[in-house]
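Each of the next two complexes has chain A plus one more chain, namely chain B in the first and chain C in the second.
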Partner chain A sequence: MTYSYYPGCTLKTKAKELDRSARLCAEALGANLRELDNWQCCGGAYTASSDEIATKLSSVRALLEAESREEDIITLCSACHNVLKRVRNDLTNDANFAFKVNNYVKPEKPFEGKTKVIHFLEFLRDEIGFDNLREKVVNPFTGKKIAAYYGCLLLRPSGVMDMDDPENPKILEDFIRAIGGEPVMYPYRNECCGGYVALEDKSATVKKSEKIVASADGFGADIIITACPLCLYNLESAKGESEVKYFTELLAVALGIKEA
Partner chain B sequence: MDLKEQVLIMSGVDVRKCMACGKCSGACPSYNEMDYHPHQFVSMVKKGNIEPLMKSESVYKCLTCYACIERCPRGVEPAKLIEAIRLLAVRPQGSNHIKADDIPSLLDPELPQQAIVTAFRKYSK
Partner chain C sequence: MQRIGVFVCHCGTNIAATVDVKAVAEALRHEPGVVVSEEYQYMCSEAGQELIKNAIKENALTGVVVCSCSPRMHEATFRKTVAAAGLNPYMLEIANIREQVSWIHKNIEEATEKAIILGRAAIAKVHLNAPLTAGESPVVKRALVIGGGIAGIQTALDIAEAGFEVDIVEKNPTIGGKMTQLDKTFPTLDCAACILTPKMVDCAQNDKIKIYSYSEVSEVKGFVGNFDVTIKRKARYVDENKCTGCGLCTEKCPQKKVPNEFNLGLDNRRAIYIPFAQAVPKIATIDADYCTMLKSGKCGVCSKVCTVGAIDYKQQDTYVNEKYGAIVVATGFNPIKLDKYDEFAYSQSADVITSLELERLMNAAGPNGGTLLRPSDKKHPHRIAFIQCVGSRCDDGKGKSYCSKICCMYTAKHAMLIREKYPDTEVYVFYIDVRTPGKNFDEFYRRAVEEYGVNYVKGMVGKVLPEPDGTLTVRASDLLNGQQLNLSCDLVVLAAAIEPDNSARPLATMLTASMDTNDFFTEAHPKLRPVESPTAGIFLSGACQGPKDIPETVSQASACAAKVIGLLAKNTLKGNPCVAHSNELLCNGCSSCEKVCPYGAISYSDKEFRINGKMVTRRVASVNPAVCQGCGACTVACPSGAMDLNGFSNSQIMAEVDAICKW
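For the complex of A and B:
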């Protein structure tokens, strides 16, 4: 199993642990993640306006490079995943958009849609399978209460992201069960942490994240897990009782790659 | 082309579908920080009253989390209206909400790059 890997800006800087643990886990699970040679930052946000072209070109280039390799793209950061998947959707379903971006990018071969954008969680569920994953666990999180934090970008808009039920998701809870932990159900798991407003108005994002963390803590969580570096930052800024970790860090421990 | 038509084309939203249930504003995590709320974006666009929305701080408070879009029983997509109106506000030359020079003073050592690039994309052109 070989995949093109799109790390994104933050995994090369503030979220190195997300990058490192995911690469090690993929290797242990028999998958080869080949980093795209010429990836550029996705911009962090998909701009939902029919006349917006230039801000989507970096995703188009990543999709074209992966398709020329005949590989799917694996992403980890929720924001990269959201942007790449939505641009892929535009490229395959909106001929006018494809015409305009091709005028900029001048691809040797236009994007055909063979390359899919797969989040690492989808890779675990759909390519490895949670039952197979469970068999590979050597250090299960037995007795640990783990709260899944989805946030917004993994799930919404559900029609395009198509990862899980946007209001009652279970992919992270199934992951938690596969690594031997006990999922904590709490009502704020798919509410927004405040996102990029952290740059301009941190008090606003702390307030939103405090509600999320207090809810998870109140339901007895020991650890909160996320896929998104900005969610991790915002949830940590709320200074709750639970630790906040990337889901891949727990996976690395469960697979015996990393010390608990 | 008037501003209303521009917003409708950019967003692809059909404001006539709204049945004014208010669920968008009920779902909005930034409701308390907004002067105009998501349901008001829908009703004011319907009336063609765009300029007050362009000048409003609300366009910088929307997190684009899409809770309003996902939970609208009529598929109206208020966040796409807010996005289009924010673009109308920041696209003209000299209208950026954040300038590159503003950013260093806003940083803390742990803030991920993702927050900076996203805010810059949302607030500047």
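For the complex of A and C:
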């Protein structure tokens, strides 16, 4: 199992723990994550305007490089995953976009759609399988009440992201069960944390994130897990009772990885 | 050579304003075989018909072409006209110069040219027309009603009233359907049970009506007037002839944890049960999925307590064969499953319920004895939100594109009843539109708003959030005030869309009755034949044809009965002579026609033929003319050209095409 790996900028700076724990887990699970040689920032947010191509070129280059390696791309950060997957969708479904991009990038071989963009959670669910994962767990989180926090970018737009039901997702809850924990169901798990508004008006994101952590706390959560560095930052800023962790950090502990 | 008369209709100005009718009559006069060509203002009027009749007699016509409106409109009229003048009615052809010409064209020259071409095509066809005579078949004077809800009950009672025998097949242990689960009915607020149960009893006591409860239709053969139906009587493990309905077994059964479907799983029943007190027939049924005796052979309590020895653990499914002249579909509806609407937290909170569940919670025979309490903690709710159009009018592919029609009214009813009984409870209704057409319906809704102070908020709910303290935050937009609402509620009621019962699709296949994309049965004509299926002898009653409230269902049920009675009153049926027939010498037995026939009219048999002096056995198709509806699918599918349709033969169609192309 060899994959191209797209870490994204945040995983090299603020979210080093997400990058480190994920690499260790992948290794323990027998997957080889080969970082792309020339990855660039995904842009941070997918641009919705249909004639905008410049902000999507870095994703295009990542996809082209992975396809030339004949590998799928694994992502971790929800925002990077969202941008890469949506650009891949544009490349394969929007002939006009593909035409313009190819004129600009002039690739040796245009993107054919063989390379898929897989989130690390999807890798765990679809490639490893949660049942197999459960058997590999040596330090189960028995008795721990863990609240999954999805945020918005991981699941939406659901037609393109195609990971889970956006209103009633279960991939993180299934993950929590696989590592021996008890998932906490609370209605704010797929609400927005406020996202980038934190840069402009932190009080607004704190207000949004407070509701999320208060709900998780209220339903008795010990830990909140997420896949997104920005979500983690915002939820931590809300200063709730439960600690906020990347899902890969818990996975590394569950798999008994010493360095974790 | 035929002697043909052409009659061009003005249809007032409908045709004459766009088509130069005089020019059409003049042009067609010179076609081969045409001996008379006339135009008239209204050909369908009495004077117009007289004109045709006289022309037939004076000119000894053998064929007639009427250039007028669509044959759907007046083909039958003009067939009668030519028959009255002594011609075979199938020697008439219609050239549709209204719907296909004057109504869709603006340029008079072009329209006139097209009218002439269509007239020529009709003339070319009449040259090849042959007199056709319809066959006759006897009518079995008994009707089958599939589904024993209010629709099926009303249809059966009306048919029985006219003196015909009628059987009801109901898949549940009792008749009554959804209406038995309702508390009060709009717009008059009379109790559903009080008006329904007398009708159920009437069915049971009427000697013309036979009820097959806990039964399903498993096979349908035959055709209008002569259906051959197999009914599967599911094993209920209780002898229907012995059980007195005393209910002792249902009290003593030790298996107490069976979700009670009558109360929508809000409470439990036993493994042997009678659905509710007024059930008809009042006979116990054992639920094989839960009965300990049937599963492990260890129990037998019901058998011990039964004083008449009605329990029979060895009972098997049995099959009954019956013949019917007409079949009524009354399979009804169900609320949709809400698993795709989890933004409303239906699966996450016990206090998010459907409207039908609310009916049970408010009903005196329901799980709380009629006191409205929250399912989670049995506390009195102080603020209730109703969410309309859950799954209705959805264009996102999750729900139904149609309006479920009944929700606006029953929600107004619920809101009003709650405010009446619990004045301290605030009620909010979130709606897209309030739709209240119907007699006394809008007045009813206005009363909810004006007299009972129900808060109607225009705007949809985005999300229902169950909070740690047990309340439900309803997040919605108030479109009229232009603000977002976060309303803390104790109970949320979802008006779930309704859809046809899931037995409808396989039944439609069995009956070869057509359905729309939503699995509602299609009527023969949306306006003029609303209670008949396009398949002869199949009639539609109630919500199986489209969402309906009770008044509308009962109206349709009675209309349906009137159509059935009209059919059963006949001793024989005249068939449609425009049916397919197979040329056995050309048929190669490939089954292409059988596969495309939507009516099951084609069968195969081995026949002996003398070929080059030798006897050869070949498999050939034959058409049952009583079943064939003349759709022509087989004639197109047949690779060897053996199938042909009377009145629309391959040579007639080709003659029409030739006439059009000659221009």
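Going forward, the second predicted complex is superposed on the first by the 257 of 260 C-alpha atoms of A that agree within 3 Å, B and C clash if a C-alpha of one lies under 4 Å from a C-alpha of the other, contacts with A are read in each partner's own complex, and residues count from 1 in each chain.
Here, contacts are C-beta pairs under 8 Å (C-beta built on N, C-alpha and C of every residue); 3 or more make two chains touch, one makes a residue touch a chain.
These numbers come from a predicted model, not from an experiment.
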Taking the superposition as given, does A:187 touch the first partner, chain B, the second, chain C, both, or neither?
second
Is A:167 touching anything from chain B or chain C once the two structures are fitted on A? First, second, both or neither.
both
In the overlaid three-chain picture, which partner chain does A:52 touch, first (chain B) or second (chain C), both, or neither?
first
State whether chain B or chain C is in contact with more residues of chain A in the superposed arrangement.
B
Looking at the overlay, what does A:218 touch: chain B (first), chain C (second), both, or neither?
second
Check whether A:7 is in contact with chain B, with chain C, with both or with neither, and answer first, second, both or neither.
neither
Common interface residues of chain A - those touching chain B in one complex and chain C in the other:
167
In the complex, chain A touches chain B at residues 8-10, 13-15, 41, 43-45, 47-52, 55, 77, 79, 151-152, 155-158, 166-167, 191-192, 194-202, 204, 208, 228-230, 232-233, 236
Any idea which chain C residues touch chain A in the complex?
339, 341-343, 345, 347-348, 463-469, 473
Using the touch definition from the top, list the residues of chain A that touch chain C in their complex.
165, 167-168, 185-188, 215, 217-219
Which residues, counting only chain B, touch chain A once they are in their complex?
9-12, 29-30, 33, 60-61, 63-67, 69-71, 79-80, 83-84, 87, 98, 103, 106-108, 110-119, 121-123
